[in-house]
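What follows is a set of structures to go through.
Here subunit A shows up in two complexes: once beside subunit B, once beside subunit C.
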Partner chain A sequence: MKPVNKSVLEEAAQKLMFEMDEKQYDTLLEEFHTILSQLELIGEIPGVDEVEPMTFPFDVTNSFLREDVTQKPLDRDVALKNASDVVDGQIRLPKVVG
Partner chain B sequence: MNFEAVIGLEIHVEMKTKSKMFSTSPVTFGDDPNTNIAPLDMAFPGTMPVVNKQAVINAIRVCHALHMSIDDELWFDRKNYFYSDLPKGYQITQQRRPIGSEGYLEIETSSGKKRINIERLHMEEDTCKQLHSWDCTLLDYNRAGIPLVEIVSKPEMKTGEEAMKYVEKIRSIVSFLEVSDGKMEEGSLRCDVNISIMPVGSKVFGTKVEIKNLNTLVNIQKAIDFEIKRQEAVLLSGGVVQQETRRFDEAKKETVLMRVKTDAVDYKYFTEPNIAPIKLSKQFIEDAISSSPELAEVKLERYKSLSLNDYDSNLLISNKDNCEYFDAVVANGANAKLAANWVLVDIQAILNKEDISIKQFKVSPKHLADLIKLIEKGTVSNKQAREIFVKMQENDADPNELVKAMGTTLISNESEILAIVKQVLDNNPQSIIDYKNGKDRAVGFLVGQVMKLTQGKANPALTNKLIVQELKER
Partner chain C sequence: MSYLDLNIYEIHQALLDGKVTPLELAKEALSRAKADTNNSFEYISENEALEAVEALKNKDKNNLMWGIPFVIKDNFSTKDIPTTASSNILNGYTPVFSSEVYVRLINAGGIPIGKTTLDELAMGGSGMTGHKGFTYNPYDPSHKHMVGGSSCGSAAATSSNIAPLGIGSDTGDSVRKPASHAGLVGFKPTWGRISRFGLFPFATSLDHVAYFTRSVEDSAITLGLLAGRDDKDMTSSFKPVENYFKNLKPCISGVKVAIIKEILDSISDQYIKETYLKTVDELKAKGAIINYVSMDIRLCKAIFPTYFIISCAEATSNNANLDGIKFGPRYEGSDYQEVMTKARTNGFSELIRRRFILGSYSLLSENQKDVFLRAQKCRRLIVNRVNEILKDNDVIYLPAAPTTAPLFNASADKLSDEYLIADNYLAIGNFAGLPSLTLPLGKKEGLPFGGNITGRAFDEQMVLNFSLGLQEITGLKNLSSKEGK
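Entry: the complex of A and B
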């Protein structure tokens, strides 16, 4: 695994279009350090590589599928209520392609 | 140096279910933006995905048509990426266990039949639609969550033609199965091409270039043929093909660079924890398949068994709406050959002229069947039928009523026709001599004379029979 350092975080922030200040970088690096050292500890447990990921706490399957029936959709005003910039019933963003 | 191309296709098919893949909002095309959304489609907290049964049935039907093995347990995964078209920040898809795997289909190209193997078919949800204008991007969530199947071929195609035929076949399958409109121009069938070239006989694939968003069959072929030549030129001039994404510029008829791929994106897939695995019973899978609409290939065989010729059969199945109309005419008791002729010739001419589809055509299959039955019974001649047909187009009038109103019923009374036949023969002694001298044409001329006297109302078959009979006696 790639070590998590400042430049890795900067690259991720750039990709995610976040702006962070120095203090936030420091906090995040510290948190990563804690998490990763805990994971290292877990990695020392013998045979841990062979354990399958447990997505579901119980080994269950069901057979339920929803009937293909529609329900009244949200009113547009309600659906777009949280958006800060709406034009012609659409959410407006800064242009995302060049 | 000679090169050969290696082409693989990824096809996204938007399903025409009533509701979305994981929510109950309606699936529509062309509605006002953001009017068909449920809280889940916009990823509001606390919403949970519930799998649409019809979407699963549709996926099973496509898998079956593509001869795939069908997984009897449904698992979904999250594909994580950050982009404005994806409200949740991940797309629910089937990465680890696709519903269909290891299938194939057969295509027919100018160089013969070829089997194209298919790696996988999985279900997923569509993203929201982005409209890019010069200064901003607008988001419409109506499309977010529409069920999709993605069909991934093995990289086994070698030419633009093969790829085009492959897509054409997939389109035929999904539209005959009524799983999707399969309309490329409206985006309900979208095709991405992966293409590389290598020296003939090589085992090592070249660097792969992706061509995105091809929206017509013709463009698929053109884009691939162009791209093969472009990559050849790059290699022959000593360059290297970059790993990149290109798009097809319709005006220039060439592929143009969109972006260079630097590193592979890691989508950090993991099992969707909000959908517990769903067990599909054997019965459920079998029912989905046995209740499935008829595929084009099956229709073709059935048409041949109705004694239609290859040409007519193929022409019919090239248009699904025409097939439906034809099937309905035959189901209403019309002779199949006559029905095919009416649909492919008479009706087609009107559709072309008025630039409409058969769905907008006024005459109902039932009434066309009635008209054909009148011809078969000899109640009306072909010529009269065509006159009646013109009237039927006004308001789908009942041909039986029209026949009564027009008084066009054929004279099928033998003695009545025989009297006219005798009269015609008496007036045309030369024709009798011609007939005796072996000129069969004379019969046609005499039938024409009888028709003239009866204003076309004499039953043609009967007239013909009586003339020959009378000629032999003289």
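Entry: the complex of A and C
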């Protein structure tokens, strides 16, 4: 398991695309201390690594296909309604090249 | 007395008899919503409510939701109505479609009074982390006690009789715990029983639609309307929907009731425990078969960390679309990464960012096996044991929470049994997707507390019928914070 230190947390924040200040990292490191102690409780459970991971409450099998009916998609104006910087029907972003 | 203070089925009769009109009810509900002092609302939908009244067709004696005011948590999409999930990253966002739950309520003639506050993005249990600040417990006019969360606004609004129905969502206990703190019935049906289309996802494998009412009867009525297959939600079930209200009858004699000893033992409040045990004695006297069962204490202690790891990991992924570009406040930057980073730094509170980092840490390739996958394996062991208990028993019955509503400045030892087990065990209902209902058991120093009943998957009728029997024992029906004021 990757050790928890500030640089690991900074790397995670960068990947998640937000910033944190020094005080917030300190709080997070304290929080991790508690969480890692709680995690040890899971590791102590007999047989925990011998079962399959559970991804949903119970198996759901969908064995049907929807009818192939043509539907009208969202109008472009509606789809762009919540974007705050729209030019010529497209969302404007900073230039990538020149 | 106002008709708005009654239960749904009583208001329905008054509407049928012409004693009150939908417009009078809506105006009264809107007036109470505007006078709310508990920070219950993100948005009061006055125009939408009046339009809904205007659009009502002839009354129908078989449609109990006709003309009934309701409130809905602000993480349900509502077309053309601002929806923020109490997060700054969604300020100004107006959905272009409505959630299935909202559509069903409106189509049935329900009157939308407002969108209610929540812990930011539904990730919290205190009602303290929404962008509009704390939501207060209506039973405490001094505003020192929380109502709990994350469905805090719907709990506060239902408890203070603004509406007889408050829609919420429940990923760990986000309806059932605040129901305990607010003297309400809080019901989370089976995973897949109610469509989640249009509900902002937090942790997809644990998220459920759930709701608050002031009686078991109203809970049965609401389920009858909301339950059922929806092709827009691939996880919604094809199982037939029963007439839960018509089939509702108190059922205690012969019911096998499991009490998990380790969970009960982790509660230190003697008054709550004794009140609960008195109801157990009464259940026994009425013919219930009480079975004290055991769950490995190590499994019990692992409930909270298992929940925390899985929910944070899924949330990290589910909220990756919140980029400040397609919707939400836009920030300038020299490239799109800077635009996104500014939006996410300013848009998410510190707590949410910390949770995302934890989720991301548990998903790192070096950690997945020891953290995320191990939590998912632990979930399976917990679910196996709970389902084993329910093989031999019809329901599990326990106190819903170890305390009444905590003070805002209360702190908990996060490694204590009371925190790890009693304060967080309700998540087993989410792990296993089981129907689970909280109802009032009593009050301590003016603050309510509840009990919780969990049943087998899709056996909502048993949970409701047993709960109705228990409601008759306690006599605690249609509680309201208004009575104490």
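Everything that follows uses one rule, which is that the second predicted complex is superposed on the first by the 85 of 98 C-alpha atoms of A that agree within 3 Å, B and C clash if a C-alpha of one lies under 4 Å from a C-alpha of the other, contacts with A are read in each partner's own complex, and residues count from 1 in each chain.
Rule of thumb we're sticking to: a residue touches a chain if its C-beta (ideal position, glycine included) is under 8 Å from a C-beta of that chain, and two chains touch if they have at least 3 such contacts.
The structure displayed is predicted, hence computed values, not measured ones.
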Classify the contacts of A:A13 with the two partner chains as first (subunit B alone), second (subunit C alone), both, or neither. second
Give one of first, second, both or neither to describe whether A:L93 is in contact with subunit B, with subunit C, with both, or with none. both
Can A:T55 be said to touch subunit B (first), subunit C (second), both, or neither? both
For A:A79, is the partner it touches subunit B (first), subunit C (second), both, or none of the two (neither)? both
Quick one: classify A:S63 as touching subunit B (first), subunit C (second), both or neither. first
In the superposed arrangement, which partner chain does A:Q71 touch: subunit B (first), subunit C (second), both, or neither? first
Between subunit B and subunit C, which one contacts more residues of subunit A in the superposed model? C
Give me the intersection of subunit A's contacts with subunit B and its contacts with subunit C, in residue numbers. 15-16, 53, 55-56, 60, 62, 66, 74, 79, 91, 93-94, 96
In their shared complex, at which residues does subunit B touch subunit A? 17-19, 24-26, 32-39, 42, 50-56, 73, 82-84, 130-141, 270-271, 273, 276-281, 284
Using the touch definition from the top, list the residues of subunit A that touch subunit C in their complex. 1-2, 4, 8-9, 12-13, 15-20, 24, 27-28, 31-32, 34-35, 37-39, 41-49, 51-58, 60, 62, 66, 74, 78-79, 81-85, 91, 93-94, 96
Sites on subunit C touched by subunit A in the complex: 92-94, 96, 191-192, 205, 231, 234-235, 237, 296, 298-299, 301-302, 304-306, 308-309, 316, 323, 325-330, 333-341, 344-345, 348, 350, 353-354, 356-358, 360-361, 364, 366-367, 370-371, 373-381, 383-384, 414-415, 420, 430-434, 457
Quick check: in the complex, which residue numbers of subunit A touch subunit B? 15-16, 53, 55-56, 60-71, 73-74, 76, 79-80, 87-97
